[in-house]
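Each in structure tokens, the structures are laid out below.
You will see subunit A twice below: alongside subunit B first, and alongside subunit C after that.
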Partner chain A sequence: KKNMLDFFILGLFISPGSAVNTPVRRPVTRRSKSYGRSCVEPPSLFWQTPGHLTTLGHRIPTSRRAAKSHNITEKVDPEQVALLLDGEWKLSYVTPLFLFRHTQLKLYSKRLAAFIIAEKQQGVAVEVGLEAGFRVSFSAVLGMAETEEDAETISSRPVFGADGSKPVWQGWLTCVNGDPEYLRSLPPDFTSLPLFCSRGAESLSALVKSWFQRTFDCSFGALGLSSSTLHWLAALWTGCHPAAGIRYLKLGWTMPTQPPLDIEYSVDPQDAWELWNSVHKEDGADERISVDEVQSFINGLETHFFRHFKIYLSSGTLTKVSTALGSAHHHGKIKVITINSDYISTVLTLLTECALLKTPV
Partner chain B sequence: MDEQARSILQRIIKKTPSKRLETIIRSWNCLSEDQLHSLNYSQPKWLFLENLVSRCEENRVSLKDVTKLEMIYHIHNPNQGTWHACQLFQAEDDALSVHFTQFRESFIAHLEDVVQHVSVGMKKLEDGAIWVRIAWGDNFRKPNHLKPTYLVHYLQSSYVFIHNVTPKHRPFLYQALVLATRHVSIKECHLSSRSLTAMRDLLMKQYQQVFPTNQERTLKERNAPPSHPNIEREHAESSEGRHQMACEAFGCGVLPKLETAVYKLETRYRGNSNNTLNDGDELFRGVVKFSSKNILESLRHCVSTGMAEGPVTPLLSSITQKGRNYFVITDKVSGATASQTPAPKA
Partner chain C sequence: MDNSSILSGAAPDTSRDSSGSAPGNRSLRVAENEKRRSERDPVRSALSFLSQVQDGTIVKGNDQLEKSLVVVETVALGRGLPPEAVSLLLDLALSLRAGSVNCGRILKFLIPASVVPQEAVVRGVSWLCVGRLPMNSQVLFLRWVLTVFDLIDFKDHLRAIYGFIFSFVTEENLAGFKNYNSTWKATLTAVQRKNRGDVTADLSLTTELKEKPASRKRKLHHLEVPALSSAFDTSAERKVFRLQEMRTFEELLQNIHNIELPAQMGSLLGSSLALHFLDCVQDESAFLRLNFWLGHSLQEEFLLCSADGGSDSPDEVARFLNTVLSSQQFLQEGFFSTESFLYKFLSVWDGSLLRTHILDLLSHIPLMPSHYIKILVFEPLMQLYFTSTVFFKCSVIECLNNMLVKWLTWHSVNALEEGLDISLNSNGTVTMTLSGFMDTVIELVRFVGRLASEGLRLENCHVLLLSQTLAFYETVCDMFVRYGLPLVIMPPAGVFYPALLATDSLSVDRLGYIMYRYRKNLTLAKKQEQQSEQTFHISRNTYQEFNQHLVAMVSCLWNSKSFLPGTGIEIDKQMLLQSKVSEHWSHFDLVHHPAFFKYAFEFHQKCWPARSSVDLASIKVGKYWNWYVEFLFSQGFDGLSDFIQVNTGHSSSSGSSSQGDGHQTNQER
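After this line comes the complex of A and B, so read on.
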């Protein structure tokens, strides 16, 4: 068997004419760690404490593009897409990365691996008994970026264990259709990849995050999905039914009763779509969905439920939305099914926006 | 000890927590006092099993004995696996006088009439419950003891609780039950749960019920315009009213621990009045599943805190009133403004 200790895998795929804009390195005076991108902004913003919403706060979009089959596999390596999609991911937001270079992924792989080994040898954060042999691979998934401003998706997988075939931890950072004004407003040398998805041992997630924090002067935070985000997803997925077949639309609420009551409402896909169709106005070429349509769709479902059970769902929390295309949980977990990868960019656009909204100034 | 007996034994040991092993093996009565003392219950399970098997072999414990141990295990753990409730109908004149021996003989005889290889174990507990274990075979095969059916029946009650029966064996079981209990027919109750005790308590109304004694007063109060200036008191009264309403629907105090209730909705869409879907005759199909550690207590809390509007819809109160937790909801045929009626599964 190969000695994994000095064996690293680097997957770097660059397609011609990609949108990667590695900023030219310029000397920048770096300041205190926690302020992230605010360091070159006017003092008024500069002194805002972390935790304030960004300027995006008052510009939550009231309409979105409808999910369109968007054959992503033409632009992106299908294996990479499968890697990104398969299974359930835990969501976090990340503040912009400082001095991140798409050209240095190989170096990052080595450094992250070395960092994890060093931390393990301190006897902290990783369970005892794990073999020291592992490898980290960083790769850039090109073609995911939808606009000029989006930075390319980065995925990283430390691989532990002797066989080396099954990754013990996976994660990726992305920005899909990020708010262009915000992205343009970033000072040079900052790359915004606000959405961080991970799966694997929590201790490893913590190590990877701490390495990113040290290396790129960024910070991470949990990204929960609000009920309005879940509403959007429910509507977006339901809208896909004629093309993709959602099989069911399931909504889950938890009521704050003693003991807690879970209510799961699973709607026939065709009937859900007809309800959606009755509230959604098709307006030709630029197909958009408005927030009002989403609201009346959800209200329609909740009213139908209320007429039967006389229970006010609004007193509970919407915890889960799922269809055959994927599922999302309000704790910040998402699953997108590989075979329907065509709709991934719509979902990622929404999640990118959530992550940007959460990012403190 | 044959392979089947060994694997049944292994399964029981695996499922039983170490500290409860002794109780179960003691109540089995197959090992002598010395043998019981020689066993070390804190050993790893595989080692314990080896020791137990060798003791059993010393005593020539048979497969039949091992099935008795399995039955003891299930009696000690009535809240495992999924149980379905059935109801017996049209009792014959002598149904009330059926006693255990008579039931046992008749049940086994009727079962053996239709299934050639069948093995039945039966035990009557102090609370009157009769536990029956049935291992099914067929004309060519010996009974398979690894997939037994369990059933629990209280004589002179009309309910039977069944665990793990295949559609193939169900008719045989129903027939033997109907004949042995001196009834004419048996039907599914559409009540299922992991908790046998909860189902029994619900169906046999072994929980604190509240009967609507002051219905008129509550209604009058609800409709009367607010007359009292003391709003605090009014609030207290209305919350008391809600609590009363919740208890009438679901019962009072500790309630049977039912975990789920499922409603299959096959009704027309009833949403916002300006919605175009209202005009169509198309059904708006869906399934609603309520789940909780104890749905009756959750629903009661939901109603009494005002998370649900009163009066309690018959859909929810039917869980206790009808003793069911699976409903198919259809529109009443007559009248356009019909309300839903919980109708049995087709």
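After this line comes the complex of A and C, so read on.
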């Protein structure tokens, strides 16, 4: 649907210019003293449904689509999927990018490389390799977008060292099934890619973020995963067991005791599935999971644990959920295993939603 | 070189104390001051000495040179040097007039307080070209130029000689340096930060100089206003004006059509000159960028407190909020990201963290439909109010008063332009009718009425709380006359009677003023209603409430008939008898009222100095009463004076009426 650039690997070159500029505005009259866009009226995310006002004042969906095995590799280059999935990612949220152009990725690669080198020369960046062998590649991953409103995923890999060597840092920005009302409300100058995943040296992450901030006037923040998000993931993954085989369901809690007590709870995949099956109502065509079902599932697991150990897990913090399909940590780290990439869009939808809910206005 | 400008703001004035202590003649004092000034301004004399150092001056063992350098060095590292001094010292160093050792030394302490004059750098480069400078001094000079590059006031001439500079940089000895800015960076940052505080305080019209953003970012600093910079450095072919190059208000005016928006909109908050520009920006995207940035900063710091940051020092947080506040005050409106942050934060706030800042920000929130404001602001605020100290209660009332004043001011400006229908937004996303606006105002006034009544009861009519409450009603009573909002809301009994029976005279006086203004507002409303100029209608209840308060107040203070039937506040006879207070009806008249007792006593002594026993009742007889009232009004109780004159017909000039006739009350009907 969009004419996108394919994967690029570019050599380092300090570009002489011809870039996208902030347009020069011509203010002529004094702005009327209006109070601007209201934060309590749509399209602000502040309230969408009254009565679901959380601490951050955002809505939490009460039901979502069950993970469906649709073959993502039909739409997306398998090599790129492998790249996105392999290994553990640190999650961040990003406010919408201003004047980001999918057609300028080549230029961005150059500018980011130049920026990193400039910063590094100030004795800032990590000491890695030779500057001459340093490259940044930006690419658009086509086909990840699920709806018209979603912008295409962007991945970025500064590469240090000679050709063909392992990248030292990788990152990507995405939006899968983002809230259409919110996305439509943004002026056309903005591109919302709210979920940012990265791995590699922290100092490089900081540099990349800093470049994005200065170039697209956006802001980054850590994206932690709340207990309820982890509950959703546990339920979504368990629901995939008959089709994909989750092999195990492991949950980790930290209990508020002195000293803190970490509990790891391993559940037999078949038992987990049967528990899930008993609380989940199949309702035919549009298979949806409701928040009540997720809550009953987790309650079931916690009750079972209490029966054996007399510990209320609900008084602690759920820190980790893992199955053979992937794992997620409440500090905002996620791993999705390559072979089961079919479920990625369900997970990314959930994460996109978490990231969008962190958008400040 | 202008010495006085170098020294402006240098040393704090310590000599201004001598007026009372030294009785000697004037010339002596002048001479003394002169002496003190030269002692106080060693910097001036040091710089003046250094400017006179000639080529070939002996350096070794030159005590005065050494002393002068030490003086200037101390100032430079502490406060930074003014542009002229930077110019002078750079020339002194690179000309090697003070020797090559001192050249390095001077360069190392050459910390500018504000800007570096371009001419100084150009002259420096020309010294470089002379070729006399030792290599290490050349390196040091170029490193210095790179460090202060952003502080150079203009760069047009400098650009012309880039070629020279680059030819030096490419020389092998110069090319290899690393960490080029470590020598000055820390000091420069400290000096700039210190100076920045002064700049923001007076909102002077200069583009404020930012410290260079700390590039070693182990943490993301949310609470740092980004530096002004251009999106990409490619606009050379187009004639645009960059905010970071702007120095004066005149430049802003001349280039207003041609100013480039900065790469990061948040950077506009850092400079008052940029705020003038922001006030003219009419670009939704630009404001959205600013709000994304600001909302993110506030959210990360106060709501998410993520591991990436959130550990900024309290000073930094306060400084950041001050920047936001002063920007909002300057623009006379709040940012909607601040607003949405506040609604979220109020529900988790403990009421003490950065109290003044948060409440100040809260007073900037715009009008919104009444059911929203109840849930978002009033409910969380009420919980905090009733569980906090009396001082917090005072701050809350003060905040809500400021909020009301801002709404009313906004209304009085916009209603003129747009008639009765108020559009909150030029895009029309939020529109509010006049009745919607009034609903919210009514909601706010009633809310404060409840808070104040209950608060006064809980805090035993604390005088500060009463004072804040009366300040609020001073705004409320004048909504129609002063702000053109056809709305009159009377204070509840829980506010009115504590003020009427207060033990301090100021509260009673303020209540008098408030009742006087209510009367003015109601009179005007009735007049307009009769002329059917307006379609609004003040309800009979409001008039009744006003009259009830009026009767109570006049009966109490003027007619000595407090607590009797038909006086507004009626207390059961049996109970009054049980109290065993004799002549209880007269205990709150102007003579016996605890707030005025002191004045009555003083008046009594003046009238009858020979009397051994005090009989205050004698003040109420005949002409003494009039004299006493005159005496009271002369003590500065203007509010009470206005109230009495309007409502009892007592005129300050007429001496005919006397107490005891039972003055009729001029009621509003």
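Everything that follows uses one rule, which is that the second predicted complex is superposed on the first by the 294 of 361 C-alpha atoms of A that agree within 3 Å, B and C clash if a C-alpha of one lies under 4 Å from a C-alpha of the other, contacts with A are read in each partner's own complex, and residues count from 1 in each chain.
Here, contacts are C-beta pairs under 8 Å (C-beta built on N, C-alpha and C of every residue); 3 or more make two chains touch, one makes a residue touch a chain.
This is a predicted model, so every value here is computed, not measured.
In the superposition on chain A, A:219 makes contact with subunit C only, not with subunit B. Contacts of A:210 after superposition: subunit C is touched, whereas subunit B is not reached.
In the superposition on chain A, A:119 contacts subunit C only, with no contact to subunit B.
The larger set of touched subunit A residues comes from C, when the choice is between subunit B and subunit C. Of the two partner chains placed by superposition, only subunit B is touched by A:311; subunit C is not.
In the superposition on chain A, A:189 makes contact with subunit C only, while subunit B stays out of contact range. No residue of subunit A lies in contact with both subunit B in one complex and subunit C in the other. Interface residues of subunit A facing subunit C in the complex, by the touch rule stated above, are 17-41, 44, 46, 53, 55-57, 95-96, 98-99, 111, 119, 121-124, 186-187, 189-190, 203, 206, 209-210, 213-215, 217-222, 224, 331, 358-361. If you check the complex, the residues on subunit A that touch subunit B are 255-268, 271, 274-275, 278-279, 296, 299-301, 303-312, 315-316. On the subunit C side of its complex with subunit A, the touching residues are 178-181, 215-218, 220, 222, 226, 229-235, 238, 240, 256-266, 277, 279-289, 291-300, 303-304, 306-308, 332-337, 339-341, 343-344, 347-348, 366-369, 372, 375-376, 410, 413-414, 423-427, 429-430.
Of all residues in subunit B, those touching subunit A in their complex are 263, 265, 267, 269-272, 275-277, 282-295, 297-299, 301-302, 305, 307-310, 312-313, 315-316, 329, 340.
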